[in-house]
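Both of the next two complexes hold chain A, though its partner changes from chain B to chain C.
Here is the complex of A and B:
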């Protein structure tokens, strides 16, 4: 079966004649003009119109025409190379889509579409389009309509056009890994290409059934498409941490406002009124600690956070007889309660009392010092007298992406971690 | 229901073409570039799908009276993504407007200023539910509701606009002649023309057939004289729509009354107007307008002479009045209350830590959920059913919305405590405004009677034979004996149900679905029993009619809530598990109250308090005062 398919493929996939290519070339120029992008930007291929090549040839790596004469270089670069498509200096959605258009117009019979899609999938992270459903749709649309639709029972039963189906399943898998949910239009697109019973269609249907069910499973929703902006992440992380106490307030400070601060960054600080109270009641003879950094994951990125902690309180076990109904306590009439100690709040844990939490832009010691100063001026005057000890681990650095989704060079310059 | 049962769509291409050309035509006219219209015509990747063909459905609530359930309704309303995006964009546009505009004047007794009206005009608010042909946006009912949620946060403004949405534009769209439509609708849509709605009078609030304002036909003209109260939007109006009785004066107050509808110019001779001082709704300009021999030409008639009652029937009790649901306002109120109860500390812990407060909040939330569900479900019927028979449903939405307003506000105000009685806090306004809907709009009791009688009218014909046999057992001994035997055999058996509802909702809702189906089956039996017990006399037993209406309301609410929750769970909407809790708790609570109502219906009048109430009131009528002697009084 596979052999048969290969033969058929071989027969269909031919080197286009020069005339066709000329037309395509014109189309390509049109496409570039429409998009108003200078061709030099794109590092696109030029097509050798004269020489006959093997099935896999057709593109050169460079746009430099003189290379044509160099046979050795030609041989080295003769393998079908989709890399040239994705070699652009400007890597964004627009150039990516232009590539797809160029491919479409150059290959009217969609030669090597499978290889092209695999290559495109590889480069999606680079071009920052891996969370974009539209782009996935456009990729699928590169495959011709109707050609792979099985026409009889046997081709249906024996995995018609296996390479193409595998390719599309890989594409859907990639989407799955990125958490992109397909939609009804996508189902239609795939149906037109692989028919009612193709494996890709089955997969996309399953995805459409299950993805929405898990879409809202996280009680602390993260933005979609994923953000890697440090400030937003820090805010989300702190909001999530302080959600144990609904009264908590999350405030954002700038270290600039603290005199003598070295860093210029933001601090997202979370504290509840109860924590303020606990801090105010803290004896001035006992020191408290700034601890960290700890790591919390927000969506696909992690954030470092720090806590302000006091030593644990002594928990006295008050024995209350659950069977004693003889003496109910009516708090609304200001009766003295039976219990001698107050019930510990959620902040008073057995390993320490958490007094505040923060995430700063630089995670540096200096920014944490600024945080303590800012806490002092914003509702915690007791901090002026309580000794604060910085017991920090070595800084673990900035946000780390969950996988290699995010290009290491993000838009912002990474802030330097001060080592004081 | 479209989601599950749609049969595909077919829109004739010629109709499409006409729409396009008309849209182009109207774009070129100078007054039609409003913000909302631009939102609609903005370029989008997802275009709204063309309107689907309407489907046929038997009336739902009316069939409940026969104990029949139509599983068709359990596929809940769903807008396609394109239309939803447009509606959301429009909503955010309106939100921006309300944010930017300082509307606090409205709350402290001020009137809506001309600038505000001009800005509303720019926004294109007045064209929402007017046909595209006349320069409107022709939104569906569901889309309208979504936008009204935003408006309802400013009740005074909302009342002003909803007069336009509920009365004026449907009146002209449905009853005016072709020439009148051509003349008035484009101006109404652009907001250049405002029309006040003059219907109610001092003695004619609920019973509109007894209006005293007279119109006499002299020559080619009518001469109007009388006084109208609660004239909506009179402050900003250029014209009034006036309902007046003409013909025989002795017919006033009877169904034979001939009421006619006129368009009258504001500046016509003999018109004097003054504004009414109201407790709440201060920005809503309700005026008292007096007509003293005002001459109206007969071209200014809407509909035929004497057709007024028919028009009013459709306007007041008909399909158009859905926009009255104050969903947006209530949602805001609930959120504010929640924030307050988290922040506020009493007796050493936040208010929300007390489980009694949690109960109040949860009850309010569940009620709001139910209100949203039935409102949008009814909107779905209106939009997607061919020639919908939804008078009963709309009545129920109105009843439920004004009762829920009280219910939710009461719980929220309980939590807010004394704060809501201070004039410098926003809650005081809510307290005043929420009285408006049940008092001033159509009376809730009238609506309950209407719903019950509509249902009985529908069910009566199918129960006719049984009722005849059971009320005359001696004439039909065989049938009656057979019935008695049947009920003896099955007296302790649970009724067999077909699990029709269960088959059409998410499997986790099995208990609620079966409970509801049983309750609907029971309701058919109860209706039959009640008909057998009272016969044709039932139409004057209003206490029982109200009970029947309450059961129907409850069942409809259950249906809507189950349908919505089922959809939410099936597609995994955010916190759909909590939706499940709300649905289950609502169904349980409602089933309990249905059981109580059933009890009361069976034991009325002597087994329950009906006879007592009648006696008490009879005595008071006799004495013309509160009858009881003072607790300290002595008799010897």
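Here is the complex of A and C:
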């Protein structure tokens, strides 16, 4: 009788498997024991990814409600789809690995491992593990050792276990897209599963050959794993921009230190002694501009930056036709020097002289005003005299248009916020 | 170098393939197998599993409807109109040939950039073509090319990695900027000769993203139609211009985006075209300002090819 009750209970009343993932890790063993009672009723890994997402509680315990909604009923009837594995509220690496453990313990013969890996790959971004090599290794380790290794020439030649090999190639492709570089251990793991001549092994060899060639090719290295923290990004971005002048100094300010500032945020400012000199020499009758926001990407994330710009200097250059020999003369014999012209610095470009660069936490107009005040007190006393025009493109801030086609030199009317 | 503006019509120049109907090829894509494409290098359009590539553009001709289908009579009229200017062009070419005047690409000055692909006048934007995945309904990225007031070109747009639910592609998100090279008379393909140079020189102002610079080789057989020589182009980002030199020896060869196992350097005698690709899988807007792309000769650069040339085991490579 007790057995009958238990069978009925587990056949008609779904066990809330998804909730297992929501509780603490301590409860994992209990949950596994609970699940182990009726393993035959649980069809593992029927891929049901396109079906309508059921409510987050996983399975309904109330039988009557199931008839109301066909989709929900269908989802619940596939007693354990891969979707439910990755339906947790806590989306982090720990939960992800717990799910892999659950799958491992429940499926000793690794039934549906291909579908499980595909589903896991789909959810890696959600769980913030897509840049983690260890997780990719654990996913590959779900596949059984030795089973897919071809035993003779013919199976070797005819793509032994094609679905499994495809799956692993897709996994390696996903790694490639994310920029994760495999290591020697990964090669060994794959070799144990698909043998010496498997396609996944060839792919991972190719990756090991090519990735290290380009891994350090960037002259402006980006951190790995990618950072998304606003302050770190701002610092990296400004450091990257001012790397054009090795003398540049990157300083971090807080707007709190400026009297009358509204915002309370950070400002990362970059300026070199050359730029300070240029600013000091700038005539007080001519105005300079705060321009932005422009976008810079650092690795996987982007951030807005602003520049302090003066109008371009006049470059006196005569266009000389090198093929014209009518005016041929030897330079060192008949020429006398007329004036000494200083070579323009890297900051004096044809489209403007860059005087400083900054990225602020809020990208607001107030924070930029604070930036100018802070520049004034930190080595640029000339800013008290020079009129500064804020020509900012609106909107400024976190809002990003879906298809922003505005080039940085568009003819928008600058909005004059303040000038002194 | 000032290049003439080309009135370019995709459908006509490559033999008017759009008139042919090869049936609806989308039905073939249902049996899409990633392994077949990756490992065996078969055609992405899956013409019965063969390696046959019917056109240089990877089958994209077949998927695009001609907006203004032309009758045979109109074809004839249009062709007759082309006859006179093209003959004139041919006469000029013949004159050039018999004058035996050596072109500047034969004897470049050391350390001087010869500009080949550049912007300048507002009309120069016609020399460039942008492509992105939304053009072929394979994604949602956008790309366009404009001229800034200072005469430089701005390649901008938005990269979206959202995958359309047609089931044809499993990765999306690219934008491409391609030069339209001037053709020789009677729409014959012209090629550039960069053999005397050692570096590709670019003056750009990027946004910190990593782009890819492509040199299109002159190919004859369909097996090589999708070959491309590329190298990465890292940009600093920020308001400063950046001058980059990329040695030709560093360009690697790939076929439909898959690396060749047996690498060989690009044949600089015949370079067909130049393009820049962005496909870094970062979702968001991009902007790359280009002043010029040219070539430079550095006497001290002796590297022939940057990648290993050792023998790969039997049945290992290109499988």
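Going forward, the second predicted complex is superposed on the first by the 293 of 420 C-alpha atoms of A that agree within 3 Å, B and C clash if a C-alpha of one lies under 4 Å from a C-alpha of the other, contacts with A are read in each partner's own complex, and residues count from 1 in each chain.
The working rule: a residue touches a chain if its C-beta (ideal position, glycine included) is under 8 Å from a C-beta of that chain, and two chains touch if they have at least 3 such contacts.
In this text the structure is predicted, and so the values were computed from the model without any measurement.
Student: Looking at the combined model built on chain A, do chain B and chain C fit side by side or clash?
Tutor: fit
Student: Look at A:118 in the shared chain and tell me whether it touches chain B only, chain C only, both, or neither; answer first, second, both or neither.
Tutor: After superposing on A, A:118 lies clear of both chain B and chain C.
Student: Tell me the contact category for A:228 with respect to chain B and chain C: first, second, both or neither.
Tutor: Neither chain B nor chain C is touched by A:228.
Student: Which partner does A:346 reach: the first (chain B), the second (chain C), both, or neither?
Tutor: second
Student: Between chain B (first) and chain C (second), which, if any, makes contact with A:214: first, second, both or neither?
Tutor: both
Student: Touch test for A:134: chain B only (first), chain C only (second), both, or neither?
Tutor: A:134 sits against chain B, while chain C stays out of touch.
Student: Which partner does A:166 contact after superposing on A: first (chain B), second (chain C), both, neither?
Tutor: In the superposition, A:166 contacts chain C only.
Student: With both structures superposed, pick whichever of chain B and chain C touches the larger number of chain A residues.
Tutor: Counting residues of chain A touched by each partner, the higher count goes to C.
Student: Once you lay one complex on the other using chain A, what is the shortest C-alpha distance from chain B to chain C, in Å?
Tutor: In this superposition, no C-alpha atom of chain B lies closer than 6 Å to one of chain C.
Student: Taking the two structures together, which residues of chain A meet both chain B and chain C?
Tutor: 213-214
Student: For chain A, which residues are in contact with chain B within the complex?
Tutor: Per the stated touch rule, the residues are 134, 183, 212-216, 221, 246-247, 273, 331-332, 342.
Student: In the complex, go through chain C and note every residue touching chain A.
Tutor: For this pair, the touching residues of chain C are 33-35, 38-39, 142, 144, 146, 148-150, 154, 156-158, 170-171, 207-210, 232, 234, 236-241, 259, 261, 281-282, 284-287, 289, 307, 315-316, 319.
Student: Going by the contact rule set out above, which residues of chain A touch chain C in the complex?
Tutor: 159, 162, 165-166, 169-170, 173, 177-178, 197, 199, 202-203, 206, 210, 213-214, 217-220, 237, 240-244, 294-298, 300-302, 305, 307, 309, 346-347, 349-352, 354, 357, 400-405, 407-409, 411
Student: Any idea which chain B residues touch chain A in the complex?
Tutor: Touching chain A: residues 45, 81, 342-343, 345, 347-348, 350, 352, 571-576 of chain B.
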